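Could you have a look at this structure, given as structure tokens, before my questions?
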Amino acid sequence: ARSETTVGLITKSNTNPFFVKMREGAEVTAKELGLELRTFSGRYDGDNDTQVQAIENLIAVGATAILITANDPQAIVPAVQRAREAGVLVIAIDTPLDPMDAADATIATDNFKAGELIGRWAAATLGERTADARIAMLNLNPNAITVDVARDQGFLRGFGIEIHDPNVVGDETDPRIVGHDVTQGAEEGGRRAMENLLQRDPSINVVYTVNEPSAAGAFEALKAVGREHAVTIVSVDGGCAGVADVRDGVIGATAMQFPVQMAVLGVRAAAEWSRTGAMPEPSPGLAFYDTGVELITDRPAGGIPVTSSTDGLTKCWG
Amino acid sequence: MLELIHRFFHRNPTAAPGIVLLVAVAIFSAVAGDRFFQPFNLSLVLQQVTIIGLLGVAQTLIILTAGIDLSVGAIMVLASVVMGRLAVDFGWPPAAAVALGLAVGAACGTVNGVIVTRLRLPPFIVTLGTWNVFLALNLWYSRSQTIRSQDIESAAPLLQWTGRSMELLGARVTVGSLLMVLLFGVAWYALNWSAWGKHVYATGDNPQAAQLVGIRTNRVLLSVYAVGGVICAVAGWALIGRIGSVSPQAGLTANLDSITAVVIGGTSLFGGRGSVVGTLIGALIVGILRNGLALTGVDVLWQEFAVGLLIIIAVALDQWIRRI
Amino acid sequence: MTGNRQSASPPMLEAHGLVKRFGRVTALDGADFELYPGEVLAVIGDNGAGKSTLIKVLSGALVPDEGEVRFGGEPVSFRSPIEARLAGIETVYQDLALSPALDIVENLFLGRERRARGILGTVFRRLDRVGMHREAGERMSELGLLTVTDLSQSVETLSGGQRQGVAVARAAVFGSRVIIMDEPTAALGVSETNRVLELIRTVRDRGTPIVLVSHNMPQVWEIADRIHVHRLGRRVAVIRPGTHSMTDGVAIMTGAMGPGERH
Amino acid sequence: MLELIHRFFHRNPTAAPGIVLLVAVAIFSAVAGDRFFQPFNLSLVLQQVTIIGLLGVAQTLIILTAGIDLSVGAIMVLASVVMGRLAVDFGWPPAAAVALGLAVGAACGTVNGVIVTRLRLPPFIVTLGTWNVFLALNLWYSRSQTIRSQDIESAAPLLQWTGRSMELLGARVTVGSLLMVLLFGVAWYALNWSAWGKHVYATGDNPQAAQLVGIRTNRVLLSVYAVGGVICAVAGWALIGRIGSVSPQAGLTANLDSITAVVIGGTSLFGGRGSVVGTLIGALIVGILRNGLALTGVDVLWQEFAVGLLIIIAVALDQWIRRI
Amino acid sequence: MTGNRQSASPPMLEAHGLVKRFGRVTALDGADFELYPGEVLAVIGDNGAGKSTLIKVLSGALVPDEGEVRFGGEPVSFRSPIEARLAGIETVYQDLALSPALDIVENLFLGRERRARGILGTVFRRLDRVGMHREAGERMSELGLLTVTDLSQSVETLSGGQRQGVAVARAAVFGSRVIIMDEPTAALGVSETNRVLELIRTVRDRGTPIVLVSHNMPQVWEIADRIHVHRLGRRVAVIRPGTHSMTDGVAIMTGAMGPGERH
């Protein structure tokens, strides 16, 4: 039987486990609440056009609400506007739109803060060695998409490095940075980038990675040259594989985000809105609902509140 | 009777894919519910295929010469970024910005053409290389930053003109879609009713023979790549209209998608055989499949699966129709 | 009957010391060539003797490694077939140079399409398809090649002889100063062959000289004014049907007889 | 002298790209500092090209038949996921898991081959479709979950065997790299010294003629796609060794990269002309360019730019060497 | 001398009522065909008469729309040239069916490669390249075609006649029950042509029947035992060189004379 309420979920890509789990969470919740969920995704990180098409198609099927993790938070705005004009509730998930009020509500996580957290932890862990740290930055791709930039810059800020323009990667002049390379967010890219940066400077001892798969790849490269214990790897995401990597000492610390929770909250909010017209409440003191970040590590440092990998494994998203 | 049918398909090589298109529409009308077969939704499909359709025109011309252009997506984005930056950030008059954007497209295409003809390198390698180059230029010139819709609206509404839509029998047709249809018409005329068109076919079919009969194949190739570049720039303009803003991230799958439309439309990747109308139909088939699947509410994962399967089925059906 | 002019007038097209190498193969090895106004010059020689290579050099399709070509007394160096054609040299190549996917009409007019009259032609550059179709039909039937029922049949679907007919008809369509034909009748039937020979005579009688490469000795002895004998990449003799028998010609061509008896 | 050189290049069609490779090495040795020209770094390049090299073997075979395979990356990932899931999640004996993975590769290739030969569809469309299908299957079967290196190590170390490395004169050569070299050797032998190889060339060169002389071109095509599938599965195994883990996200750019290696190696996309050794050199050229550029420390954006430019220059140089 | 057998023994290869249409063109329109053991049967006819189409149907390269083919008395329906070849029908096609990028040796042995002796051949399936190269050289020089200096030259770089020589040599290499040749000497030189005619005689004398399509009437009258005259897609007459003159033959072929005087 077709239900009254149709909710669309548009994720950035359909291969990244982060979004796959988000989708699964949304599906479960939608079933609980008796909603019909339609899922869409971009075809690559940064794919705006497919997301625009998804919004149009959702308008055409008469969706009640759209949850979107925007690949390009600025470029998607006109399409979102059209949806809202058609009476659809649009909730930005994971990534706030720019401007943020382009969406009816935002349930997101602060990627800059996630980066900052692991940056601070890395600095604290190194202690006095911070001054002559050798840092490798493993980013996503050369396109400088928002998450990539925010996590990268957040890490550097947290580590105590002057970042100049927070929208631009690589304008730092700090000599401790060995270099930036790109990983496509996958293991093979992580390994290749790590190998190449190690060739430039074999004494690298801090590795920032944009996500956990690239961290796992970087670890393989380090293992191949026997430096895996001399290097601190930090990452962002909080997938179960990543948390297990923290437990096993592959990753020093990772900033856990909560995609499933975002999806669940988003679907609930959509259901609530369609029943009562009530808008979701933002977190206190913020313009959006923040699902937060937690630092997962088994080696607390610098007094930063942390969650152990054992606890982390109970919360991780997949 | 059979004789007549044969003759019909021989005379109208695009009839077979046309029938496939109709079949696809009919099936989705049955499966995807009444929302699918509505003027509004069908015009949506037209809007959704505008970009790939425009790039498909350029790609068809190039593939007919036995070439391939992997840089169409990059040229498109670069042109749109140039238009946006000039008009919004540097305050150029919008018309001048558009003109320079088109000129950039022509320049990019000409670069491809010059390398292909002067150095005699395989177009695949040349355009793969320039694809990297143009994308890097695009990221550098745009500083990887999106130009927001609101800013364009206030500074240079002409850039968004291609996105303006008009009501036509309950359908909403955008200027961009009309531009696409227009360019398909022009390309069709040029290929079928001008000497240049015949030379394009001859060059792709048998370059040695074309040269021996006195066709300046290098000039033909150069003109095709340059014209292709301009059409890509038009696609860039249409892209601004379509998404409202200028995004340097766009267009990564555009190369593959445009080639797909060309091949589904029955044009041979070996050159010399095919038609530009086929490409339009090819683009529409893919658009219909994606839109229809979306309306049926299939999970994204299985949507991709189904798109893959249906593309094969569509082309198989097309071949089968031709053979009976 | 018109073949005695070479002493009177200078050669129309000539070449000296042509050399052309393909990797290890030397296709032309110091070849000379002369064509006088108003004559039919046959070129004979064994397979692989270098006849087609010579033709391609004369028509601009190949650039020689050494040697010079003169046309109307002036040294020329064609770098492409277009230049030779613009200078007035029309060629039927041995491998026909057809576009298989295009149809007969399109092939006949390829590179010399005709535009429609009036504004359609000048501004919109529209082709005069109807006119070309009609004219193609006339030409083909003149050559006795209207065994083809459908002029919009693509060339790849034609029979071997029909294809050759299209290539010959193409060269015959257009007025030019010199016509070169590389084995134009190899795949033609008896009556078609006769029509082509007739055509050659007509053209010659209009004063246009013709170069005819052929392996068909009776044909050569019947139509040629002079015979250029090619062997191992160079011209070994120039003979006349009147002075040498076919057997002599073949003997020179295969090397069984020295070119001593050259005139 | 010149004669001798000509003869040399004629006899050794891969000599020209080989020289280009040496030139590239020489230039980067000068530019990128002493870190570049070291056994260890060069063996690193070999490791980095292992995956693309293996896929390149499959791609070469297919392109020689005038086909193309856009699904190689998807087959590779699917095979690796099958191996990983069976061995780690379902506790199969590792050898059986590997065997089944290879069988899956063969099955995928066979599906491609059957559609290409039975339905006579263009390989581009077929493999584009199956690419979508295989990727969807891969995401579904893997549940989009990575299987971690540590779990594989304890449950099925055989899967990581391809990543084991040995010291060779200061270089570290992995089993995967050796496997790649081995497969290149086998493919070279098969193409040059077996009747099957000649049939592959003939099928791609002129399929009608091949059929007329009595070659069962459909069988040849089928065997090529099936063998290609198995080689992709081997690449999947090598992938596990390389990244330690099994990741359903891998291999997205593998299609384009493998075709690039083939074309840079001098094989014609129109079939029938080329060599598998060229592909190895092509893959190495790209690997050297990327590695060398990374060592110079140029910004990633400009690295992409430079890669594009250098690929064109490399192939132009190759052509130029052949012509002198 | 061996041509009188057809009344004694049944036809070796025969066909009745063959029809083959290509879209609007009817290439075969109820054609019959008979080939008797040990004879040379010439097939003549105008361009586009359907000779090559007939050949292709007999050799399995085309499947007829209607009609039946019998081989050795049994009805057969070849669905591919492989089947015909396995049954012992060897064909030289008019468009030669060569692989341009492969070299001469490879083309000669394509589809019938020879493996090395011993374990290399059986287990490693290694080709006997040296042996094939040697044998190719022998065959080509037997046919007088060793104008080619380099057997590893790719076929696309050969001259027109050399290419045809390769195609003929290929069919001659292999023993078979019937040999069909579609205009095998069209591009060949004088001496090469004679060698091929000699070859045809030798083969015939060994008892293998041969079908020869040709536009060269003197050649046909010289070598054929019987002549199949094809016109507009069907056989209009079967004549003998002894009973009909060449002029008669051409007249029947072009329709100028009715096929009444058929024997």
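Going by the order they are written in, the chains are A, B, C, D and E; count residues from 1 in each one.
Operating definition for what follows: a contact is a pair of C-beta atoms (placed from the backbone, for glycine too) under 8 Å apart; a residue touches a chain by one contact, two chains touch by 3 or more.
Only a predicted model underlies this, so the values are computations on that prediction, with no experimental measurement involved.
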Contact-richer chain pair [B-C vs A-D]: A-D
Where the centre means the average of the CA atoms, what chain is farthest from chain B? E
Could you work out how far the Cα centre of chain A sits from that of chain E, in whole Å? 72
Could you state the distance in Å from the CA-based centre of chain A to that of chain B? 34
Calculate how many whole Å lie between the centre of chain D and the centre of chain E, each centre taken as the average of the chain's C-alpha atoms. 44
For the pair chain B and chain E, the C-alpha centroid-to-centroid distance in angstrom is 49
Do you know which chain B residues sit against two or more other chains? 136, 139, 301, 304
Among the residues of chain A, which are close enough to touch at least two other chains? 14, 44, 142
In chain C, what residues contact two or more other chains? 24
Complex contacts: residues of chain E adjacent to chain C: 22, 24-25, 45-49, 52, 94-95, 145, 147-150, 153, 157-162, 165, 183, 186-193, 215-218, 250, 253-254
In the complex of these two chains, what residues of chain D are touching chain E? 189, 193-196, 198-199, 201-202, 205-206, 208-216, 272-273
Interface residues, chain C side, partner chain D - complex: 23-24
Chain B to chain A touching residues, read off their complex: 35, 40-41, 44, 47-48, 51, 136, 139, 143-150, 239, 242-253, 290-291, 294-295, 297, 299-301, 303-304
Please give the residue numbers of chain C that touch chain B in the complex, ascending. 61, 80-82, 85, 91, 93, 96-102, 106, 110-113, 115, 124-127, 129, 170
